[in-house]
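Working notes, structure below.
Chains: A, B, C, D, E and F, in written order; residue numbering restarts at 1 for each.
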Amino acid sequence: MALIPTFATPPGFLGIERRDPGAAFTIAGIPLDIGTTNRAGARDGPSAIRRASRMLVDGAHPHHWVEPAATMDIADAGDFAIVLGDLAASLAAIEAQAAPLKHLVALGGEHGVTLPLLRALRKRVGEPLGLVQFDSHLDTWPENFGQRLAHGSVFYHALDEGLVDPRRMVQVGIRSPMGRDVRDWTLARGVTIIAAQEALETGPAAVAERVRAVLGGGPAYLSFDIDALDPAFAPGTGTPEVGGFATWQVQAILRRLGGVRFAGMDVVEVAPAHDVAEITSLAAATVAWEYLALLGAEGG
Amino acid sequence: MALIPTFATPPGFLGIERRDPGAAFTIAGIPLDIGTTNRAGARDGPSAIRRASRMLVDGAHPHHWVEPAATMDIADAGDFAIVLGDLAASLAAIEAQAAPLKHLVALGGEHGVTLPLLRALRKRVGEPLGLVQFDSHLDTWPENFGQRLAHGSVFYHALDEGLVDPRRMVQVGIRSPMGRDVRDWTLARGVTIIAAQEALETGPAAVAERVRAVLGGGPAYLSFDIDALDPAFAPGTGTPEVGGFATWQVQAILRRLGGVRFAGMDVVEVAPAHDVAEITSLAAATVAWEYLALLGAEGG
Amino acid sequence: MALIPTFATPPGFLGIERRDPGAAFTIAGIPLDIGTTNRAGARDGPSAIRRASRMLVDGAHPHHWVEPAATMDIADAGDFAIVLGDLAASLAAIEAQAAPLKHLVALGGEHGVTLPLLRALRKRVGEPLGLVQFDSHLDTWPENFGQRLAHGSVFYHALDEGLVDPRRMVQVGIRSPMGRDVRDWTLARGVTIIAAQEALETGPAAVAERVRAVLGGGPAYLSFDIDALDPAFAPGTGTPEVGGFATWQVQAILRRLGGVRFAGMDVVEVAPAHDVAEITSLAAATVAWEYLALLGAEGG
Amino acid sequence: MALIPTFATPPGFLGIERRDPGAAFTIAGIPLDIGTTNRAGARDGPSAIRRASRMLVDGAHPHHWVEPAATMDIADAGDFAIVLGDLAASLAAIEAQAAPLKHLVALGGEHGVTLPLLRALRKRVGEPLGLVQFDSHLDTWPENFGQRLAHGSVFYHALDEGLVDPRRMVQVGIRSPMGRDVRDWTLARGVTIIAAQEALETGPAAVAERVRAVLGGGPAYLSFDIDALDPAFAPGTGTPEVGGFATWQVQAILRRLGGVRFAGMDVVEVAPAHDVAEITSLAAATVAWEYLALLGAEGG
Amino acid sequence: MALIPTFATPPGFLGIERRDPGAAFTIAGIPLDIGTTNRAGARDGPSAIRRASRMLVDGAHPHHWVEPAATMDIADAGDFAIVLGDLAASLAAIEAQAAPLKHLVALGGEHGVTLPLLRALRKRVGEPLGLVQFDSHLDTWPENFGQRLAHGSVFYHALDEGLVDPRRMVQVGIRSPMGRDVRDWTLARGVTIIAAQEALETGPAAVAERVRAVLGGGPAYLSFDIDALDPAFAPGTGTPEVGGFATWQVQAILRRLGGVRFAGMDVVEVAPAHDVAEITSLAAATVAWEYLALLGAEGG
Amino acid sequence: MALIPTFATPPGFLGIERRDPGAAFTIAGIPLDIGTTNRAGARDGPSAIRRASRMLVDGAHPHHWVEPAATMDIADAGDFAIVLGDLAASLAAIEAQAAPLKHLVALGGEHGVTLPLLRALRKRVGEPLGLVQFDSHLDTWPENFGQRLAHGSVFYHALDEGLVDPRRMVQVGIRSPMGRDVRDWTLARGVTIIAAQEALETGPAAVAERVRAVLGGGPAYLSFDIDALDPAFAPGTGTPEVGGFATWQVQAILRRLGGVRFAGMDVVEVAPAHDVAEITSLAAATVAWEYLALLGAEGG
């Protein structure tokens, strides 16, 4: 049992007290939401995810048998500064703050934050990244309502800028209405799309197998848009789409991704004002904890 | 991307601006809830479903590749008038308003509205209709608490009046407590009942197969009571029953109903005051959008 | 249809009006929550579960074809007295109140109430009990934050005191972080643990088979912690863990437990202040109703 | 302290266990809401008000020093039957059920229930009644959307049928938009209207003085529409209007109405689905408790 | 009674159907919230205020005896376009869209929108404006977290740019923590500040008298930040401060501002995701309706 | 403006980063709620109050012109340890933890925590304390449902043990039902009771005058039960009573208590699960901030 008695919640993710940026893994919140196109409020995601993580600290992961906060080299560096009211400047600031960190686990914030995180990571690893994206949306629109940097365009730019290797990129849980041209452009780059219906009918093991095959052996990134989950499991988000995953299915996939050379991850689009009973925040915290335990089990 | 920038929601379903009743398909809300037997509030369903439909307008359906609002001949005629405090008179008014419409997609309102819609449609098509009803309740009670026209009796009358061909009628998702006599009466008419447990254990493909077989080749109607979904997916309803469908399962069934000669549909029993984060309204909007895309894909 | 017209809710569980403790089955609420370790409020579970049970009274169970409130010998004796602010004294009081009852169906309250219920039942049946526990937590910690009697230690004591036969004990749905030593201690006693991921991947029929095999032919007890369900299905609880059951899966398991010699049950950890649209309370009421119908179908 | 320990709530109003209709005062719920013109859900008012009344049972009224449930001759007879989906028949049924009761304290339900209650009481007392109506609406429209019996027409009929003596009728808290013709008709009958702004600026003592003057010495009735309170104090209602009373002001007025010959009262329009933290239900319960204590202090 | 039956809500403010920009008064929504510094979501204010306004359409204003939607020359032009993720560009776009309108009633959106509205209006009227600002915040910070155009700086720029005549500017309801230098700067310009405590202790009549005296006879603007109300009356906002107005007090002040030469107004900072039971949206709708009725009563 | 950009919330009250117990003022949370008699959840009060305090850090108090977090010698020591499930042991632990602190500002937790805080403070100051208690309840019951240490008995013991000088004790806002014997006992000790109705009718200045007169010149303590506020202003509490203060009135009283020799304070009974939009937590945070600013203005 933790030293903190009963109901007191230490403020760091998983109660982590280390704050300096030199750890092997760094948690950081990115409270950006000015590029969202429907319901606002992802700015409050990081603090809500941290609070919800208190359910995940009294023991080891029940599959990987790792207790991340106790045995891994992790710091929670707090939240990144953003530039109020200026999306372009915010993305630049995020990239600058991410650059010196070794292995970043980012808590969003909107999905737009992934673009500067990939830019920073691409420079660090020196080659295009593999990417597994859980999402109900492609996020490869060239722009959203005229804004090139909004949350629906993040992977358009990631592909366009060569941050990601399209043949090593897979999108899981896709189901929103979409422009067919947008989808065709994405497929033409070489990206693999696993639609939600297909993922749900074939089951987690088959999905995990395909994801592993696409990611291959190079450095990889996990970008988890919480709207990949069905709104029943994640109501607290800005652009919900019905027909998504149950949380256990996502866990079943993630637990089968051992051996992938992950170099960073984010969980984004948690909007607590629309949540109920913290269930969305808890799901997001659990995704980050699954990731850490997966890597911890491999000596990460 | 739509012309309407960012967060502004056009008031029609899927942003449809056409209002006249001459379209091939007409959306109409029916804000009736005075025949509900538990929690009230389905009167607010139509406006909430319309608002939630804003998530479904920025692209094509990801399976049928149809964009209903952009390419189909659809109007949203607004809400039907009802008679305040008088269920019988309201049903008569609904029938009269439905009569001249070509192909009605009705947004409830309580399930009781289906009776006058079937009466009008039966006259239009000139023969008894096939019917697929998604519901957790049979709705074939002869009366509810003494009221013959309440929402639990709608299909008793539909069968009794010959509006529906019982051998071409199938009920999917049934799971509430029920009088055994009521069930036996229904089965004795020739109706097919697919219990929720059976549907969930056999999976969407098997259910769709049975539904198609029952409906056959004649004109058919889809009546979707949102309480067919589990309350986790549709808390905003008046008579919830646990143990129901996930939304993706319903979508998987509907997408397999190509070729059925649908002549009308409704989605009913959305009670927004009990909803959270619009998830029930979004599920209902999605059901209507699935229906439109299914028909649109067939040149509907 | 019930004599009570329309929306009026009789206060007893399933509208049961019998109040004396001499019935074959006795419903009792146990409004204890002072041993919970995260969110409070399980004290309000009993009254909320009773209210939600109004959805379950207008007919027979759709699988067992039993109408518990109409045909079984059941009383709702109201709520047990507890000792405010004193967990140890409360447990003693609960045991004393449970002792004279024939077959108790307890509505919690926190999981800690199960310990005195098992103590009382162990005396009544004269031998250690079989136990099936639905839960996301092992609840075999020797103490919680220093408190030996808190809700996470209930089965440590049940095993330690010989109330339960560990070879006839099975835990279903386990998924929280846990001390590996706690798990090893539990397994070393001979307890069977079915993790949530395993249960969800193998399906209800396989789980039910294993549960039946473990319980065998002796007297058995069902302890249902509502957090066995995924938070999407049961947000109204104190220590939620994502990755759990859908309600239909639990029903599918319970319906396959015919022939087990159940001598008592509880459904615990419903915290209505965190619920939405009564869905958690309804799920809990349904679990108790499934149990009653299962036993009623066997002439219980 | 009550015999009921801790959190258990006895189901009757103020925990009253007497159920027969022969008491000097009878509490009854009237779960009608099919004549409401905006948000639904007043049908759930009676049960919510009863639950909220648990805050009012552990002691005497702090001004009148009466403990109604302990020392007055009161029964809670449960809820009146209504006729589902039929407003006219429901009103007739309500009148018939109210007729034999000595002094009725009715818990609504919508304001439309007051009309049959006044009809029954007018017969019992043999003369037109004085009336004090707390409301944000006049409720003297001749009809609402074509329905003569809806909740906005109740006092049109009460005046038109001679149930109330207009010179002994006063409306307090009026502030909604209104047809000037409707107001002029009301004033022309001789009714006194105290607008919300006037009441709030002059204070409770002045308002109470005017109310007493209008009611005079004859038999009188109190009809309390909870929307007389500001929505901050009573969000759980169907037709809210901002700019209303704080609850303490209403209490200050009611406590000054000693000596008025009250023969009955109702508190209506509580719609719990829109409430937060039970505050509207508690306000409504408190109004009924103030009324009982006022009469109890006079030996009622 | 309106032609629209029962529960159907026409989408325009007060049900107004005129959409063209040529009316004497134009309603417009401005769904901007990317310059807010605490809770997000004001982008959804305009649609929520319009929906809530359905309570205000069935009759005349009870003080001014004007029915704005029926008798005044008003259009609801819909929502202004904004530039996603770019505050500076959004403000420019807002100014351009406001420029051609005769008398704008703007529904926010964050308070930052007032700056471009004042820029446009200053040009139209040809002289600095008088201003009455209801707010809990001064909004005269030179910048917020580095952003010069955020919602806390709007009146710094309005004064700095000479859009407003500081001797004819009065701030009402101020109570947040504030930099003393910010307050001194504001006072030094000549602005009048009426703190919340002072306003609440002296009463609406005294406040109205001071406001009228400050505004004088020149053209004036009303900017109403909904956080001027206490959070009990307006929880649905981003930067709440306790200790504010009750809604009736604000109405009492506004009704006494006859004769002021108002040339435009806004009501801002409504964030519906944090609202309960629509009470904040209704309060905001009521403020705009009070303004229209005030001007309508003067032949506006 | 604070160094922390935009939406990030530092975890200490008012963002205070000092954690050691040697400061002139120490903030501490006390997450106890096992002695509450109605709705649970006050254990989550401290963390919610801290979060809500982020609204109070960007400037000086607008009356006292003090910025507590910036200029006063304050630490936030985190939460006290309590003993799970054992009220008596918890109170002992609280007293031990409070003993070494110089001037404690405690964030509850239930009102029962005040007893050990007074025990510790009585020892420190060496004489009975003056006390001003804001509350809707007397809290001088000798026991609650058999429990002597529950939250309704705190001042019975404080008086009985001589911790407080009854002639220097005043209770403000009292309005719940109460045993007349309990009230008479309290008055007979010499305590001053200012009922809510009296306080609301005479106004803040008169109340403050009486409070100052009672407290006199000796050391004094402020105990603020958040249920002193009306439930409209503080819905997030366990035992709400309508008819209470608006927050501004409480602020107006507190600001007039300059010169009182306060030696400690608490704000208790915040139960966030029942709150809406953080308004109760913000009110509680504001009360503590008012207290600090009051003392800071006197050089505290």
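What we mean here is this: a contact is a pair of C-beta atoms (placed from the backbone, for glycine too) under 8 Å apart; a residue touches a chain by one contact, two chains touch by 3 or more.
This one's a predicted model, so the numbers in the text were calculated from it and none came from an experiment.
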In the contact graph of chains, the distance from chain A to chain E in steps is 1
Tell me which of A-E, B-C or B-D has the interface of D-F again, with more than half the contact pairs shared? B-C
Which chain pair is joined by more contacting C-beta pairs, B-D or E-F? E-F
Per the centroid of Cα atoms for each chain, what is the distance between chain D and chain E, given in Å? 36
Roughly how far is chain A from chain D, going centre to centre by Cα mean, in whole Å? 54
Inter-chain centre distance, chain C versus chain D - centres from mean C-alpha coordinates, in Å: 42
Overlap residues in chain A, where contacts from two or more other chains coincide: 5-7, 37, 43-44, 84, 144-146, 230, 232, 246, 274, 276
Sort out for me which residues of chain E touch chain D in the complex. 1, 5-7, 54-63, 65, 67, 203-205, 230, 232-233, 246-248, 251-252, 255, 276-279, 282-283, 286
Residues of chain E that touch chain A when the two form their complex: 33-35, 37, 39-44, 83-88, 144-147, 149-150, 273-274
Help me check something: in the complex, which residues belonging to chain D touch chain E? 37-38, 141, 143-146, 174-180, 182-183, 195-197, 200-201, 230-232, 235-236, 239-244, 246, 274-276
